[in-house]
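When the chains are written out, they are named A, B, C and D in that same order, and each has its own residue count from 1.
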Amino acid sequence: MNHSREIEVEGHIIDSGIMTRVFDRIMDMGGDFEIITFDVGKKKVDPSFARIRVFAETEAKLDLITSELHRYGIRLIDADNVRLLPAEADRVIPTGFYSTTNHPTSIRYNDEWIQVENIEMDCIIKVDPNNSRAFCIPLSKLRKGDYVVLGEAGVRVIYPERPRETGMFEFMHGQVSSERPSETIVRKIAEELLKVKAKGQKVALVGGPAIVHTGAGEALATLIRKGYIDILFSGNALATHDIESNLFGTSLGMNLKTGDLVTGGHKHHIIAISEVMRAGSIAAAVESGVITQGIMYECVKAGIPYLLAGSIRDDGPLPDVITDVVVAQDAIRANLGDCGMVLMIGTLLHSIAVGNCLPSYVKTICVDINPASVTKLMDRGTSQAIGVVSDAGTFIPALLAALQHQKET
Amino acid sequence: MNHSREIEVEGHIIDSGIMTRVFDRIMDMGGDFEIITFDVGKKKVDPSFARIRVFAETEAKLDLITSELHRYGIRLIDADNVRLLPAEADRVIPTGFYSTTNHPTSIRYNDEWIQVENIEMDCIIKVDPNNSRAFCIPLSKLRKGDYVVLGEAGVRVIYPERPRETGMFEFMHGQVSSERPSETIVRKIAEELLKVKAKGQKVALVGGPAIVHTGAGEALATLIRKGYIDILFSGNALATHDIESNLFGTSLGMNLKTGDLVTGGHKHHIIAISEVMRAGSIAAAVESGVITQGIMYECVKAGIPYLLAGSIRDDGPLPDVITDVVVAQDAIRANLGDCGMVLMIGTLLHSIAVGNCLPSYVKTICVDINPASVTKLMDRGTSQAIGVVSDAGTFIPALLAALQHQKET
Amino acid sequence: MNHSREIEVEGHIIDSGIMTRVFDRIMDMGGDFEIITFDVGKKKVDPSFARIRVFAETEAKLDLITSELHRYGIRLIDADNVRLLPAEADRVIPTGFYSTTNHPTSIRYNDEWIQVENIEMDCIIKVDPNNSRAFCIPLSKLRKGDYVVLGEAGVRVIYPERPRETGMFEFMHGQVSSERPSETIVRKIAEELLKVKAKGQKVALVGGPAIVHTGAGEALATLIRKGYIDILFSGNALATHDIESNLFGTSLGMNLKTGDLVTGGHKHHIIAISEVMRAGSIAAAVESGVITQGIMYECVKAGIPYLLAGSIRDDGPLPDVITDVVVAQDAIRANLGDCGMVLMIGTLLHSIAVGNCLPSYVKTICVDINPASVTKLMDRGTSQAIGVVSDAGTFIPALLAALQHQKET
Amino acid sequence: MNHSREIEVEGHIIDSGIMTRVFDRIMDMGGDFEIITFDVGKKKVDPSFARIRVFAETEAKLDLITSELHRYGIRLIDADNVRLLPAEADRVIPTGFYSTTNHPTSIRYNDEWIQVENIEMDCIIKVDPNNSRAFCIPLSKLRKGDYVVLGEAGVRVIYPERPRETGMFEFMHGQVSSERPSETIVRKIAEELLKVKAKGQKVALVGGPAIVHTGAGEALATLIRKGYIDILFSGNALATHDIESNLFGTSLGMNLKTGDLVTGGHKHHIIAISEVMRAGSIAAAVESGVITQGIMYECVKAGIPYLLAGSIRDDGPLPDVITDVVVAQDAIRANLGDCGMVLMIGTLLHSIAVGNCLPSYVKTICVDINPASVTKLMDRGTSQAIGVVSDAGTFIPALLAALQHQKET
């Protein structure tokens, strides 16, 4: 193995497990290494630093290894400027393009480090040479002639370290379990939410229709009215059933007070949609007094933005629904800025969609009755998510109570 | 088809779906029928009555068909006395024995109808000729010479009718769903529980260790102290973790207030068991002041019987645990008399065990985070069970609150 | 109760449980009934016939009851012509509109019974007076001035009877169970599929990306090549991972032969999409030799239509994906004609979407590793679906083997 | 922090993540550390070595920290002999007892290191001073006067390192996923099984009744006949349904060839048990020709030991069932020696029971249709288990085919 290259890494690289991953990957990929310097941080707050020489049999293999290590925040010693190539056609990527992680990323361009804006996973870095800015864009936004970053040279990633402060996210990091004390979890989520709000960051809620079916619509409406939620991501079903429950007291025809199926109730959601059609939009229906309370009502009244993304199983859909999924994705991206926390409740589809656009440092909580849903979300890359196995009907009222309690004390 | 036999059936046989099943089974099994009389009850409270002639190609086939129909409450017109045969050895059943359903059953013996005592499914009817009593017994209790009922002749079953009054059990009959308004369901269960208590019947709770892990131990202890629960069926794990949480504030080493794993906490459950060993029993540990609160404490203080059945995954086990499963089953049977409602929470093993011994008219509610658990319980014959998909940690405190609220109003 | 109305119903109304439901609903809704005629079919093939007088306290209540009964196939004796009203604006439905079931439906128009075309649930019946045709349309297709059917008068529904022949669908009707003999189920599905093909009907497959992840892509490609599948409904993910596996041997970067994650494999799906972008379409990429085998390849080669519907979690998406969900729904509807069987494998989203557009007489099989998925599909109205709890990776190869075996014998 | 102690650790401590855990725990518990020596192994096969001084504010805190680190294989520099104390009564443990891990463990006794025999988790180490042997025993086996090890001083644990060779267990270590290529997984398990057999180690199968219900009984019988399985751990249900299927072709009354419920089939399992009662035992029933094929038949014929542990939901049970759960646990322990691999299929109860008694180096595969079952097994301490989400009915025949295929090639 006479091809080698020096790399370095710093931070809480031992206790965050980064060093473990680095040695692991080198050896798995048939490489070898020699430790040049390894300064282990002595105190909790001290970062560690390691300089390592990586060996491989060929230059190509060495490339593969350093490309892989790059994702854990490793840097080559001699940082080159980033390499760029223009796209040859719309939505056609140059061979060897750099594919993003969802961790904070910067590139070295004209001998300066610039931060990549709007970072999200599995995307492309496009550089605007005129004003020295770098953007993370999805394939669908790539246009002929855009300058695209190639390879890992000149790209730096900050891999998330295990949080040192003892908060919610240390407590349950990367875990899903139904055998945890429920009240404790809800209390910790409430604390974390208040901290996020205190920092001036936004809290987003991604919700599915189960919120209304399980009777938690009123509690969510209260959360919105009291200012705990800054943006709502959802789809046609949540909004429709919320409006249905306001107009008829039912959700998919089931009386929410008694749990009985109401005669003729199967028509209610269609009528609810039609009434909003008649008014022209949800906001218009609120203004004209057709909708008098509920989740959508509180959003309109409080000026909380709501984004309803279409899906092929939608009835209607409501006029506010964005039926083109690429347009809806762009709208998700446009609304995630400043979000410090995302609560995902009872919807795998919308949770994965929003999760795909989130940087890894946004606190993400996924509440679902099905443990497999949470696992799937993490498998799809939103590995920072914390899973809570519970139903919306009990979780949201409990969260509201915990928030009110903590506000008062 | 020139072999035939007349049968009759009465009750709410159309709206309970019994008639549907009867015609169904006759045709499925290759038989035919002729309706002789069919008086349909005109009013809600009126029973219907049908007399039908069943045809089959052979007498043997006719036997098979009527044997099957028997389980839906159908009777042969000319009720013979029951046929009996003595068991030739311990736990060896005569060929052609009658296998019980879990519905109320009587037999015609010496030209009189006598009720079978302690009915449960998949058992044997043993007749004591000396005092004309009939008992439902499991195979393990059959002794050489016991008189065993053969075939269906002379046996009557009352198939459960769909309840007419609009209560909990009409509302959700045979259903499992996570998409129901949670608070509504809890409120209905609380109402039903109070009705059962008001009738002077007992409420049993079958519980697993998840009750303690999810932080609901205190709420269950309160339910017991306030007199809502009359008997507790459980195993070594629930009792151990309840006592561990009293001694150390942990469950399987996890701090129940903070959710953190406590250093050395993996020893706690062994120490808890050992301390009870030292005292001699749970009751002795309560009396001597070792155990000062919690589920088991309240049971001892209130004189509520608790039955801890052993399982092969037990640590210890506690001295109160019945380690022989056949003895434990007998103890379950001995304690189910007068039970009007059984709440099963977070344990499939104990739920099926208790379910096996329950007559079909006992109101049974199964709460589990996993919908498949409820389905399995029903598949195993406890078809009267209502499934609630929820976790113990939120369900039990909510039930306690609903009960207190209804008591006050 | 001095308001009354006569209704009639015929068919296998007892053994299909229709009569049970009718009596049930009348009594639940506070009505009463008197049986005028009740001719029970004597033989397996004989239909029964009932004429019943329904009573209620008010005419309005009577309307509610007969409206409900209507859904079970009941008819009023004096069949009026259907009532129509023009829509006052696009996508705004007249009050009192008739909401469809997914059962075969006809309307009485100008004193003739005409069949409603393209029946699906929760839609509207639009009548074209010029040529006396009636169409089932979704709300999104309603245009100002369209004639819409009101109420149930003049509408007839044929409620599905329990199938009498002993096939797959009698065997497992409305059931979901993981505790069934797997080989037996697969064999029965194969038999049923061959019967459907023999009748000249089409077999549709609705599939998710798990088919490729679990290694069943090759088996599905073979099913298509051998002509067992006539149309493919899916999304961006299945097609992308199929093409990724063709280009790189991986699915989401995982080597399908070894199960290992491949270095740099996280880029593969983006490259696969980009390569199709470069070619212009999947068909063009097949023709130009970029795609050389797999599911999409076989579809293109065999001329099997494939419909890829967009979703908000899509990467890319591929140029063939229909990104507007309303357009995608229309495309689903346009392709379901003549389908006799639909196999739904590993995708809840697409299964519900297709299920929404299916008449209740289409044989529907839903294969998912998660029993809750199947339950949800049925709860959403596709109640004819049969659930098979299995993973795609074992199910599809087993189905292929069973089909080949039966073809040969 | 002026209390300190030196510790050392060696092995693949970085790439196995051990070092990460060590630093983590020290800091979490409020301690601090100084690295004295840190020799990182340069090559794949080279072990690393670290000597570290741990600081804490009090001696008690230092004890807690080193006690915790001990479980990751860390040693105090000055190894004392182990401290012992006799038990004051049967099943009463001395305060401060050492609670075992399931990793290989030795103790320093009379200045020599001796291996602890029969290691399993959450147990006690008992020392026999007469012949200098140390045994891991459960609480139930502790007798008054037994010498019990206290604290961690003089105890060494070998924490499992991440396997370096690329086998099944590197491939999927600690993972549960339904989105993996099924055939690849089955092939790897077959390879691993043959390797274990080639080393002369035993393969155990822990199985539930779903094996018979899903139609895989014949495939398991073949596995046993061909010598792939050396011991069977199960319960009453598997054996009963296996014998039922031999006597009647049914499992719980369902015809295994057609999937139909057989008339009178609900009696079959009781008759099966009664017939074995009559013969006296399963072996006697095989010898007398009552049982002619199936899982239990092959066990008896091949002299494969089978251990049927009782549970409170058992019908019967069969005379071979060990009804006392403490006796059954002892029997599990007595039969696990030399096991190199354990296959757990379709039973959470028996899997946890056997898992509790397994050292961490035994290769453990858990096959269940429910992902939560596998997670629960790992949470209960059997963290080496690999989860396969599949049903028995497809997994076992596929495993048999893969084994046969590999044998031939």
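One rule holds for everything that comes next: contacts are C-beta pairs under 8 Å (C-beta built on N, C-alpha and C of every residue); 3 or more make two chains touch, one makes a residue touch a chain.
Note that the coordinates shown come from a computational prediction; the quantities given were computed from them, not determined experimentally.
When chain centres are defined as mean Cα coordinates, A lies farthest from chain B.
Although chain A and chain C share one sequence, what matters here is the overlap of their interface residues, and that overlap exceeds half of the numbers used. With centres taken as mean Cα positions, chain B sits 45 Å from chain A. Taking each chain's centre as the average of its CA atoms, chain A and chain C sit 33 Å apart.
Computed centre separation for the pair chain A/chain D is 38 angstrom, with centres defined by C-alpha atoms. Residue numbers of chain D whose C-beta contacts span two or more other chains: 178-179, 372.
Taken together, the chain B residues at the contact with chain C in this complex read 14-17, 19-20, 23-24, 27, 32-35, 38, 40, 42-44, 162, 164, 176-179, 371-372, 375, 379.
Here chain C touches chain A in the complex through residues 29, 64-65, 67-68, 89-93, 97, 99, 122, 124, 138-140, 263-264, 266-267, 269-271, 273-274, 277-278, 309-317, 323-329, 332, 349-350, 352-353, 356, 370, 372, 380, going by the rule given at the top. Chain contact summary for the complex, chain B toward chain A: residues 171-172, 178-185, 188, 210, 213-216, 251, 254, 256-260, 369, 389-391, 393-395, 397-398.
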